[in-house]
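Consider the two complexes below, in which chain A is the common component and chain B and chain C are the respective partners.
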Partner chain A sequence: MTQALFGLLLRAAVVLAGTALATFALLWNAPGDPALAITIARYHSVVSPEIIDKIRVEAGLNAGFWTAFQSWIGPILQGDFGNSSVSGRPVLPELAAAAFYTVPLALAGLAIGLVLSIPLAIFAAKRPGSWIDRGAVAIASLGAAIPAYWLGLLLILLFAVNLAWLPAMGARTPAHAILPALTLGLGVAASLTRIIRSGILEARGQPFLPAFRRRGVSDKAIGRDHIAPHAAIPVVTVFGLELAFLLEGAVMVEVIFARPGLGSFLVSAIEARDFPKVQAVVLLAALLFVIVNLLIDLFYRMIDPRIGERDA
Partner chain B sequence: MRSVIVLIICLVLLAVFGPMLAPYDPTAIDIPNRLQPPGGQWLLGTDALGRDILSRLLYGARWSLGLAFLVSVIGLVGGTLVGLTAALGGKTTDWLMMRTTDTFLAFPELVAAVVIAGVLGAGTGSLIFALTVTGWMRYARVARGIGLSLETRGYVVQAKLAGVSLPSIARWHYLPSLVPSLMVVWTGMFARAILGISALGFLGFGVQPPLPEWGTMLLDARIHMRSSPLQMIWPGLTVVACVLAINLAGDALRDALARESEA
Partner chain C sequence: MTLSVTGLSASRSGRTILHPTSLNIETGERIGLVGASGSGKSTLGNALVDDLRARGQSVAHVPQSPDEALDPLRSLNFHWAETERALGLAADPVRRQGIFKALRIDGGDLRKRPWGWSRGMQQRFVIAMALMGAPDLLVLDEPTSALDPVVAARTMDLLDEHLSGGRTAMLLITHDLGLAARRVDRLIVMDDGKIAEDAPTQTLLNAPQTPAARSLSAHRNWLSLPC
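Right after this comes the complex of A and B.
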């Protein structure tokens, strides 16, 4: 177990280092002069070319890619993500303020997704091939094909424009969160329904189940003790995927509904070419995903010891 | 397999011949006839600049479907090469290749594509680059996984003993076994590429106006949601129809493969 943990940690560290390198390579190749960008960030005004050149030397930008990478990653490793190149204020507090809007939205979306998908999947899997099952699969397939931005627009059209029940734009009241959360939640529900349903069906096909039944174990006990743990593995995998989906969804949904949050923070930072903000979002999100994947890997090993053995 | 082939032919026909069916020039501005409702002279109505929506949808197929096809095929070739190299290349190569794959998989693909396309500057070139760079990893995983399972097969061992070079083994002994599974992955990635292109277009980081691309059309339509809501329906419906058809074909292919491996 210690060895497995060490292997997983090493893997996580390599992935993080790779992400940092890829992020820097991207910014290095971005059109425009990085020295000019830093200068503007620092002095908030157009300065003489001499000062720009001085900064170029200071930041190691003329010393080649690797030197520049080292002087870039140094402060970040100490938790200093620098200042916004537009507002000049530190990046991290603004990022935290944005996360304050996105996290509840994502949780609400996940909750809606779970509430809709679990009963639907269980109901559908009860009688595979019945019209209920086929209907559930059809709805889930349709849901997987509808892009979040279009679904969001349709919901605005129906509930905000035509029925005028709910507000569409902004985040002033809790009611403003209903449509964005629903947009995210319906997307989550579509993918979860399929996965939970096939997880249940697969678990139910396990050869030991008829043996238990013949021994007189009740259907309820079989469902709880044997089908549920088998269905849990794909569900945990999906949880990692859903987290990615929620971040992707947050980007689209926050833009559509003009909500503050990590997604609109990222998009507006890209549009303003505010690279300190962009790299902060990318690196911290990568850190989050690496940690979540690490936990998922550990969880697998706990519920299914075979996993550690077959994947070296 | 057949359903996928039929579907691909249909989509290719749509992208190639669709523009010929277009009744109007997709970029011709006609302000007096802006925001016309569907029916009559303009089958699906006109947009805020008086451009015919049906013509824009038909021309848009070239961008939305054509680029998605290109992106997914580049990813297929690149990812398969990475996966086969990992499977055949020995322990160190395998570790390096797979950690690279993990790195690219560690981040949500669409968000990574938004960042890459946005930072490099909006345009078709950055769009293709962004979606290709974020779209090869699944192929690599599948190719490596199947590749490793073939390692101990008799014909592979014999070929190795006979001194056949690794690229030839990859080409003649590994690739044929990979094709069906890679096709399943490809259908999924093709659908994702369509969604990605329209999402980036919708955010303004993709294909640039006045080119008719479905996501960009939605971005235009959004502003006039109150006055002409139907304008927003068409491009979205087109995306959903294409993605749904591709996903269903992919499901059918996967089920057929599962039946084959059981039999």
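Right after this comes the complex of A and C.
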């Protein structure tokens, strides 16, 4: 087990290092002059070439690729994400402030998704092929097909414009978070419903279940102790992908609802070629993915140790 | 107590796979249910178990392979405790140890999941679970076909020994007349979803009346494995 954990951590470290290098290389080789973009973002006007050259030196853009990469990654390994190329202020506090808006939104979306999808999937899987089941699958497919930006606009139109129940723009009160969270949550619920439903149906086909019924084990106990763990494996697998959807969706939803957060943080940083900020966001996302996948791997090994043994 | 069922039948996608069948089983009786593949042996066994269970009789069933009886995600301890609960029995380590000793699996680690044990031990664990409630009838559906002949013979010997003199009747479903002949008092031959012949073992082997029984009897020599 210790050896397996070591292997998983090593894999996580390799993924993080690869992500850091790849994003740095992509930004470094992006077309256009980054020094010019930073200058425009800082002074809001085109200034003399001398100032642009000064900024080039200041942002370390005149150095070679590897020198620049090392001078960026070195401090990060000690927890220092550097200063913004535009404002000169440290990146980390600004990033934390943005995450303070995005993380609760994503968690609320996830919670809504789980609360809606689990009962719906269990209900639908009770009688596969019935009109309830077909209805649930149809709603879930529709939900998965509707992009978040369109659903967000529909919700704004209905609840903010026509009914005037909820505020749509900004993030001043907790009520401002309801529509964005709902937009995210409905998308999550749609994909989770289909996966949980098919997970349950597949688990129900396990060849050993009739024997448990003949032994007198109640349907409730069979559902809880045998079907649920088997259904959990595919569900947990997609959970990692769901996280990607949540992050991407949160960024998009923040733009639609004019909310502050990682979305606007990232978009403004990309426009200004503010390398330290962009890379900090990407690294944070990669770290999150690595942690979640690590937890998923550990969950697998706990629920079915054969998975770990096959790897070894 | 005589267990009796009447009018058992089954059909699958519109085709009758078990014609209405009635059966009496005496206390402690050993019956072999034989017939070619697809003759309806397992269907009759399952219908018998389900019918008796529904009427509150104490019956236990051992499927062909441990894969059809054990959840690979759950420990053997969990299986045992779950079956105890299902039968309404209090947890009793002494009873468990007694059955395990009889089947020679008392050395196994119950914290493991089924695949942590050999298949022969898994199958004996399944038989042990079936014996837990001291049922009136034990239905064994090709219980040893997943095992190698030596382990199979040993398992059947241990089971025989455990059941001998008790009240538990045994219905042994098999395509192997050789296996059945040595272990049962009465043979039932199935053919095309019907009972073709039902007679004491020696009578049926020496003077089979129907084509189905004659064909099984004629082939029993090369069919018989060392079990």
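A few remarks follow.
We adopt the following convention: the second predicted complex is superposed on the first by the 277 of 312 C-alpha atoms of A that agree within 3 Å, B and C clash if a C-alpha of one lies under 4 Å from a C-alpha of the other, contacts with A are read in each partner's own complex, and residues count from 1 in each chain.
Assume contacts are C-beta pairs under 8 Å (C-beta built on N, C-alpha and C of every residue); 3 or more make two chains touch, one makes a residue touch a chain.
As the structure is a prediction and not an experimental result, all values here were calculated from the model.
Annotation: superposed three-chain arrangement on chain A; chain B versus chain C shows no clash, the two fitting side by side.
Within the superposed three-chain arrangement, the count of touched residues of chain A is higher for B, of the candidates chain B and chain C.
When the two complexes are overlaid on their common chain A, residue A:230 makes contact with chain C while staying clear of chain B. Of the two partner chains placed by the overlay, only chain C lies in contact with A:214; chain B stays clear of it. By the touch criterion stated above, A:304 is placed in contact with chain C alone, chain B being left untouched. Once both structures are fitted onto chain A, a short way to say it is that chain B and chain C open up an angle of 90° at chain A, using Cα centres and rounding to the nearest 10. Of the two partner chains placed by the overlay, neither chain B nor chain C lies in contact with A:118. When the shared chain is aligned, no partner comes close enough to touch A:284: not chain B, not chain C. Smallest inter-chain Cα distance, chain B versus chain C, after superposition on the shared chain: 17 Å.
No residue of chain A lies at the contact with chain B in one complex and also at the contact with chain C in the other.
Chain A meets chain C in the complex at residues 206-208, 210-212, 214-218, 221, 225-226, 229-230, 303-306. For chain A in complex with chain B, the touching residues are 11, 14-15, 18-19, 22, 26-27, 29-31, 141-142, 144-147, 149-150, 153-154, 156-157, 161, 244-245, 247-248, 251-252, 255-256, 266-267, 270-271, 273, 275, 278, 282, 285-286, 289-290, 293. Residues 49-50, 53, 60-61, 63, 67-74, 78, 82-83, 85-87, 113, 115, 129 of chain C are the ones that touch chain A when the two sit in their complex. Touching chain A in their complex are the following residues of chain B: 99-100, 102-104, 106-111, 114-116, 118-121, 191, 195, 198-199, 202-205, 215, 218, 222, 225-226, 229, 232, 236, 239-240, 243-244, 247-248, 251.
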